[in-house]
């Protein structure tokens, strides 16, 4: 059975946004967030683009700084909190933050024992984080781990070129728990690295998204097409095909991920089914259902399940699957308490 | 400044769903949910359409049963948990559950001290809950409170005809806390009634939604139009107008709500900005920003803030605002702990 | 009419009424959510099965009760809650009867109507199933003899036609307000089709 | 060239380069996210302000450092990180100079190039700003006399033209793969426009 694509007269090709000045979109959203959660978050730069948990820096604890473009909530800002990241630098929609903003976040996160940079592998972000790290050098020790979970973005032999998508959540959760437990920078970085190394993701896009300031879609898709392996900015995936059924999509994504992770009978995993924006929660659970059945059939134990929006692409329709293979350490770190305005464990 | 409507070539009027057989959509989503959260939820009828928190019934505690059509997650099932509802009856998309399913939920929720029916004011739901209550009569004492928070759905003099929308969340939270504290049925019903009486909501729709089984949009909107006062099934609102800016929309919604609630300087409130499905979280915070500023200016204290998806309409684009006026009791109940797979306080 | 006779009649009438699925879907699509066709066809199908599975000694009251609960569950909706409510009231009113007389049928109808009106908090003129039901029961009151069913059908049809030009005031259709003008009420039509199915089933069985 | 002279030159060149906003937006729209026009125009505008606000005794190194940090912050992106990286390296290489000689300018360029390549992990041929930068600096090495800037411009333009037919291998454009064939690199074009702006500013100031 194929998936279903409906044609709607009267809504032809429109995408409507509830915004004011498109150029003020990010700053107004941040203003709303800071106003809504004053006990949990605070701005730590004059332009309010560097934001830290309210009690940062935590003396003696390693700081974790993340960042990236806007339009992906709860990524990245949503993972600043207790047991998660310490601070974030917020870029414009789908654009890197500046090295200055990252530096401000770094200073706010530094509790005396260094800072881990933990973010997704995108050119602009990498360059600006690297530059910030150089600017901080001497003052603050930094290390860097980038999320490279998107199996569709490069073949295994070039896995370090892969992009970071929703699976970054697992790295945040594990590194955040490690930092909260008081581990030194090397230990926090090792937790992040282990989480990242054991995580794979892949997504499918059903509709594009529009950048508020640019006003044009990030890509175009035929009326009954989907993009398999799409990135969270609408990056091209592995192939474009006819929209398939939920079970086929779930099966395709899991197959790629399981092969890349070399999942085998007896493994334990955490599963994250992530919505890219417009796709209803009900559909995410329909996907999860097939993923779960398939893993059960493979003899892979699902120890933790997350279903919802963890890394979005504005109003894009679609979903992604992330799987992290668990060892005892990762299982313990994943289970640790965490609390931000957007996530609670 | 007006809001922005973008025209996208190549996505003309399509709406794509990640599903299998449209007629199996609800049961497959439930299967996914039950599989994902076995420690928190359990099916309590053979058709698995009646679902209760895993530890139900709670001996000596009043049960709270809710229910309604599917397609609104986290409403209704998402509010079954500790400090929330005890059980739910799940209908087809946008359709009432049956009286049998409600009866099964009622029996599963009954801890010996009766059951409160708490749901939104929709004809089919009211008839089926009433019928279920009659079927349970003699066996289980029931009382009923319906959510009627949507100010756009009827004028103040016919407020009991109003529909229940996202503001139902406040009633769940307060009644759930009351039940968890061991209050008798009359006390739990009083908490629900007080929450409902002090809550008003209003929404704006930017795009329609498509029922998986029907395959046609619930309504049609022009390319730069919005429906002000829309219901969560796409019910017509107060007026249809040009898409406005976020600040204008927020101002309009708040004005109606504040007038109907007779909010005045010195009042304390909880605010909920709810996304209807496709609208990004960033946009919800842009709305919240203006609501918050306006309330601050009115001298109304915002004691609690909720921003996110609490009551959706599949993939509809749009948002709603709900405000509950707080007294000491409601503030305390709202603050109490709660835990479900979809909500944690 | 004995339980056995009632079962045969209902089985045939339910089979016939299910064939109106497309019409009812279209009527409900126009001013509702389009599910009434499925509600009626699935409900009828499920009811035939449940009734067939009942012990052969079941009383008319038991059969009608099974009809009620099965329809209520097959594809739940507003209409099924109303139908179940009416049928349960009807079933209760003849609980002690082994066999139904014409007077019993009238009693059943007279019990069902106010139960349905109360359940729906509706009145005649709200453009609901009541606008076919109420005049048809009035016709039955006036004439419990042979031609009663034809009179009921005529009255129901007239009730539907008379209200089609008005505004729906209850249920999902009420959300559309003025846009319902000119559309006949789907639930009332479903009731009319059931009366027609009964009439045809009766003729067939007699022949 | 003293700090005071450098400020005047940069002020005019930055003013001129900002006028390429539309062209750069279109180029970046074709194979990127379309923000390069704004990045360059806002960056240039902000840099003019910051430099104007500096003490009059500022050294060339300080001025170039301010240029770097201002551009990095005005509208952050990949390109600004690269530009800032190159300018910071250049600034450091002349930290002790009160005034710049032609040899100093060459040193600055020679320091900037590897810093940028390292930052971007890119090579010549990846169809990035390096494909204009590297040949233009080679032209400067070959000729630090009067006509150097013209030679740099010609080399940069040739580098862009020579790579337009290839595939973008770095940054956002690389996501589009084959679809980038035929499109000149936006960042390289921005660099070319800056060289042209410098050349025009210099002629104007001489006249």
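A, B, C and D are the chain letters, set down in written order, and residue numbers restart from 1 in every chain.
Definition applied: a residue touches a chain if its C-beta (ideal position, glycine included) is under 8 Å from a C-beta of that chain, and two chains touch if they have at least 3 such contacts.
All values derive from a computational prediction rather than experimental measurement.
Taken together, chain A and chain C share the touching chains B.
The centroid of the Cα atoms in chain B and the matching centroid in chain D are 55 Å apart. Taking the mean of the C-alpha atoms as each chain's centre, chain A and chain B sit 28 Å apart.
Between the CA-based centres of chain A and chain D the separation comes to 33 Å, rounded to the whole angstrom.
Centroids of chain C and chain D (each the mean of its C-alpha atoms) stand 80 Å apart.
Of all residues in chain A, those touching 2 or more other chains are 216, listed in ascending order.
With chains as nodes and touching pairs as edges, the resulting graph is an open line. The chain pairs satisfying the stated touch condition come to A-B, A-D, B-C.
Within the complex formed with chain B, the residues of chain A that make contact are 1, 3-22, 25-26, 28-33, 35-37, 70-71, 73-74, 204, 206-208, 210, 212, 215-217, 220-224, 226, 243, 245-247, 249, 277-289, 292, 305, 307-309, 312, 314-315, 317-319, 342, 344. The residues of chain B lying in touch with chain C in their complex are 91-92, 94-101, 123-124, 127-128, 130-131, 211, 213-214, 216, 231, 233, 235-236. Remark: chain C residues 29, 33-35, 69, 72-73, 75-78, 80-82, 84-85, 119-120, 170-172, 175-177 touch chain B in the complex.
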